[in-house]
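There are two complexes below, and they share chain A, which is joined by chain B in the first and by chain C in the second.
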Partner chain A sequence: MNSAPWEIVIGLEIHTQLATHSKIFSGAATAYGAQPNTQACAVDLGMPGVLPVLNQDAVNKAITFGLAIEAEIAPYSVFARKNYFYPDLPKGYQISQLEHPIVGKGYLDIDLDGESKRIGITRAHLEEDAGKSLHENFHGLSGIDLNRAGTPLLEIVSEPDLRSAKEAVAYMRKLHELVRYLEICDGNMQEGSFRCDANVSVRPAGQTTLGTRTEIKNINSFKFVEKAINYEVERQIEIIENGGRIIQETRLYDANKDETRSMRSKEEANDYRYFPDPDLLPVTIDEQLKAQLKAALPELPAAKKQRFQAQYQLDHDAAHALTSSRAMADYFEEVVKHTTLDAKLCANWLTGDLTAALNKADLDIQDSPVSAARIAELLQRISDQTISGKIAKQVFDTLWQHPNSTADTIIAEQGLKQITDSGAIEAIIDKIIADNPDQVEQYRSGKDKVFAFFVGQVMKAMQGKANPAEVNKMLIAKLTP
Partner chain B sequence: MHTKTIKQLAEGLRAGTFSSVELTQHFLTRIEKFHALNAFITVTQEHALTAAKQADKRLAEGNAPLLTGIPFAHKDIFCTHGIKTSCGSKMLDNFIAPYNATVVDKLHHAGAVMLGKLNMDEFAMGSSNENSFYGAAHNPWHENVVPGGSSGGSAAAVAAGLAVCATGTDTGGSIRQPAAFCGITGLKPSYGRVSRYGMIAYASSLDQGGPMARSAEDAAILLQAMAGFDEKDSTSINEPVPDYSRHLTESLQGLKIGLPKEFFQHGLNSQIAQDIDNALNEYRKLGATIIELSMPTLTMAIPAYYVLASAECSSNLSRYDGVRFGHRCEHPADLTDLYLRSRAEGFGSEVKRRILMGTYALSAGYYDAYYLKAQKIRRLISDDFQHALTQVDVIMSPVTPSHAFTLGEKTADPVHMYLEDLYTIAINLAGLPAMSIPIGLSADTPEAPKLPVGLQLIGAYFSEAKLLNIAHAYQQVTNWHQLIPTGFE
Partner chain C sequence: MLLTTNDVKKIAYLARLGIEDHDLEAFTHDLSNMLNLMTQMNSINTDEVEPMAHPLPQSQRLRADNVTETNQREHFQHLAPHVEDGVYLVPKVIE
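Presenting the complex of A and B:
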């Protein structure tokens, strides 16, 4: 992509579904995947005469988010009606916030290629989700499922501070990590709990005014966000370089064709006729509630990462990987607490073997069959030299297959206990030296590499159970003339 | 039996003079007999007789609440589970509500026996009941005269003795104006006093349900059962409900009555002005003093009201789209056709007019000039009232500029119809409680029939008990509220 003379300007609007038990304005459940229209009460259906009642938990979660991005929490915020007709919008208006959002200006620091950049967050506001229109496999008709109608959303709007698709993805990932840390959103992108609209424009490098932007709607994965933005940037640059003009419009990303296409232009856009919702009082938030929620804030990812580096002497990458989710960080600390093994080696285990196994099984750390306590027991056997690191991998594989077993049981059953009896090791070494006079000669004439051959032979003869340090020590002693 | 007060009926029920089933049957017979009055949209005969039987059982067991076994009716704007709730519209002609309004539940628990659902202007928009899909109810005082609106069916039914009392709703005068036209007592409570849950919305920030009855004493009893905080209505107020009957007989000695001069200027019928003078004299005799007030913002109430009410209605009525309930056009070609024809067919012309006005007022480029400006006026009017009510205990005024008009007289000119609400609208903008009580009858001339006149009492927030006390005191020394229209004795 030739974008050298062009500066890319991106702002993201991210809809996070708040993990409340009930909807934002009714008592109906919010669980995903129920039979259509079984989780929609009279309020969600927009029946005549019904009224909304604000779910305080949704407010608390929005405040929690605001506190985490050091934003101003509005002492007074207002719900407004956004009016438009659509079959999956039961009332003919969406209850949202326009002029007085609950969360004001804040920021999020992102890391990209080892550098930190501060991205401004303009605002975050509460609103209700619409239902779903089902156009496929419905007897040739369109069906409406209102289970999702009234699900609480926090729409998080960034400043146009992002300068590349990569930055946009880094910001989105960071936000994704944060909302899950705060436990205000489950972050499930397949189920639509975390959705992104991207505002994209380009301008000649150095120009201060913004170019005309387009909005790409509903991009539901990190990969697609990057692809959609890159496609859109190229499209815009091509138009401008060919003497054309960008039209302000809403575009849709088609992942199958990897392209964006026009949905509606600014002229076709709805006049939403926003006005304050007379059915709801302004939301007032006092200092006491804010203080209470602030006290309940968990350690945030950035602080946790720093602490992990300092407290456990981890390098940046390991600390980053272990703090990528709150569950992984908790798992790590649980392991470290229960073993005397060096924390760095514990970290290697989690970011290496455990993560690989989880990825292979497509599981999150929360769903790991092997608990932190079981891993700690295993690592403890490395620490007390019952087994070698190599044998530990074998034990781990068995443990993964039989998560109800324990490292000690597996070590005992499979006879994996490490041999530290120097007499036994010495006998084997003597035999191998005697059987391989050529290699001995080579070693003694200065070919150090042959040493590995002897280690391998000893280990093979002892089925890997010899204490490697002991083997090394004895071999050197025996081989040195 | 249909001229007795709630207290008298409650005593009769407890003494065994008559049963609730007999009482209910008496009213059902009258409803049938006077069905040309068109006061009811739905008569729930079976439901009523079942409820009456239960009431008799409850009465026999003792400790039944005061309203137990008393036949009344709901304005058809309150959702009633399993019973058609039309809101006076073709749009909801097929709508069987799946739940009860809070007010409906409350009256049910109070033991009152619902006779049916009362006629009203479509979606409570109107001042004559002529905007009902079911045709206008008639004024019991004269068949060619409107009962007022939008709670016209409620006023006609109570005045004609087809129900002991009724619920109504008031967005710009819809309880008070029909009460005045039909010679009954109506009270619009403070905004937030009665739950709006299940009361089909017209203009949410102005709508308020209230009692319509034959006297202040009966209105107090009905309000007692209707009022109270409801967690399902975020705009309802969490304030204790006083005992409204307890303060009825307090003395009015030293009462300060304010008269806003803006409400007594041109346009007020001279006979009504005279009737009000007479009523004020009664109040003087009861120990009150009269103070003239000036409230210049009142003249801005009508335009501000029609901007705000229409804006809210344009949004509130968006849910009637033919998709989930209510009227749907035949064979829609596509989604747009479904919307356009369902709404074009389902709504009447006044509803459409207000949806259009409201949509316009909220549109980009007009919002500041209309909606925001109207909100500012609303604040000024509210401040004006607050200030006035620091100087006086109650404000009195006409309810309507003229007597009830004849059917069809004003339908051609919407603005003329809107001016009917001149004296009532500002009170909704301020959210204050207000009452209408009967204070006279027009002279009987060959050209015009004898028609009732109402007086409006306006009080401070949550002063319903005081207003009822002021109304009751007057009704103890006059008998206007006891008059019964000819033919309905």
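Presenting the complex of A and C:
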């Protein structure tokens, strides 16, 4: 990297599909994965004579987002036509917003290695999605599926406040987390519910005017955003350092080649000739609706994280992991409510064993076969010393395979109850000391490390069922001459 | 004239309108006249006037988020010149 004297300036435009049942201007379904064109009605197809009717829930979800980023909600908002020709846009224009977007200036705070940075959000506006063009298997033609046409989108435009690809990814992740908390978007990036365009420019450090920017279109993963921006930054710096200049243009990121390339065809069509859509009246939003939606806002991720740290004495990382989704946070609180086990240990279980099992099975927490109540029962048995933490892992594995069973049943069936009978433990310890005179000698001559060997031997002999504290105490007593 | 024939060509291209060369002069003349009228209107002081987005003094009615449409693919595709496996086929477009 030779970017030391260069400052990188990035702004992101993020398209979130709003999780409504029907489309923004028609009563067709928005469900993903339907047979092509079975969810495209006369309005979505742009048939002559049809009129758009705005979906209340799309408006509500946009306002909810605006409230969450402390933005001004426009009391008066206007839809405009953005005119361009493309086969997946049957009307020849996209209904969008230009001059009076529904959400005005707001902000989002992002975390960067423990430091907080405020990123401005310029605006967020409602618009309709286009259809999909398919280029394979149509013997030289393109296939058009209009199921997606008319799906409500909220386009969220950031200020050019981001200074590195890492910051851009942090912002994008934060926004992704927020829209899922608010339940306004399912956040499914594979299905295109959350997509990003990045505006990238560079300038000599210290210069106040912005350099010429390029726009990278339609990046659909966090990883690709970082790679696409890094590639584009390098490309721009190289051009400038070689005496060239940057052309303002739209570029496409090719993940296979890890490079961006110019989309020249987009350029000539860049004159969108916006004008207010005569088919739609201006939208007015009253204080009552705003107040109602504000009252319904959930606890937001940042507040929840802070509360988790304070209320449960969790460190930053644990609180961060547990509040990464609303479902995970709810699950954690449900567990903690039903066990006397220390909240920190509960957190370790959830971020450790449970998360690992979920990842392995490619499941989200809300689809976990083992419920919070079942986990709480298991953790309670650690708390009351029926089993050790180690045995609990074994019980958890069985529970994962048989989610209808309970921790108590598994402990009883497999005879895993911890042995606290000191007589039984003592007998084993005596035998192990007798069998390993060399190690005893080493320990007594000051090699403390050998202690772990004895603990291991005792646990092995007792199949992990001995109470570890008890074992430690008795071993020290026996080994000390 | 406020517009050149090249402006008109460009506007026609953006709107995908086919204009014959021998009509260009006439279009340029008529469209320029319309813009002249706009220029005249621009001389009026409108500082106190709120721009309006729609001639009707009403606001948009909203509908509840319910799915009310059924699948009418066969019906719609009956009108299309070229369909296959449920998709509409068009000349290849690719970036």
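Some notes on this structure:
Definition applied: the second predicted complex is superposed on the first by the 475 of 481 C-alpha atoms of A that agree within 3 Å, B and C clash if a C-alpha of one lies under 4 Å from a C-alpha of the other, contacts with A are read in each partner's own complex, and residues count from 1 in each chain.
The definition used in the following text is that a contact is a pair of C-beta atoms (placed from the backbone, for glycine too) under 8 Å apart; a residue touches a chain by one contact, two chains touch by 3 or more.
The structure presented is a predicted model; accordingly, all values stated were derived computationally and were not measured.
In the superposition on chain A, contact is made by A:280 with both chain B and chain C. By the touch criterion stated above, A:271 is placed in contact with chain B and with chain C alike.
In the superposition on chain A, A:398 contacts neither chain B nor chain C. Applying the stated contact rule after C-alpha superposition, one finds that A:39 touches chain C and leaves chain B untouched.
Of the two partner chains, chain B and chain C are each touched by A:85. Look at A:135: by the touch rule set out above, it reaches chain C but stays clear of chain B.
In the superposition on chain A, contact is made by A:143 with chain C only, not with chain B.
More residues of chain A lie in touch with C than with the remaining chain of the pair chain B and chain C. With both structures placed on the common chain, the touch criterion links A:20 to chain C but leaves chain B unconnected. Legend: residue contacts after superposition of the two complexes on their common chain; A:51 is shown touching chain B, with no touch to chain C. Within chain A, the residues touching chain B in one complex and chain C in the other are 42, 45, 47, 53-54, 83, 85, 87, 92, 144, 271, 273, 278, 280-281. By the touch criterion given at the top, residues 78-79, 85, 87, 92, 95, 97-99, 101, 196-201, 203-205, 231-235, 311-312, 314-315, 317-321, 323-326, 335, 339, 359, 362-364, 367, 371 of chain B touch chain A in their complex. Chain C makes touch with chain A in their complex at residues 14-16, 53-54, 56, 58-69, 71-73, 76-77, 82, 84-95.
Across the interface of their complex, chain B is touched by residues 42, 45-54, 81, 83, 85, 87, 90-93, 144, 271, 273-275, 278-281 of chain A. For chain A in complex with chain C, the touching residues are 20-22, 26-29, 35-42, 45, 47, 53-59, 78, 83, 85-87, 92, 100, 133-135, 138, 140-146, 252, 263, 265-266, 269, 271, 273, 276, 278, 280-284.
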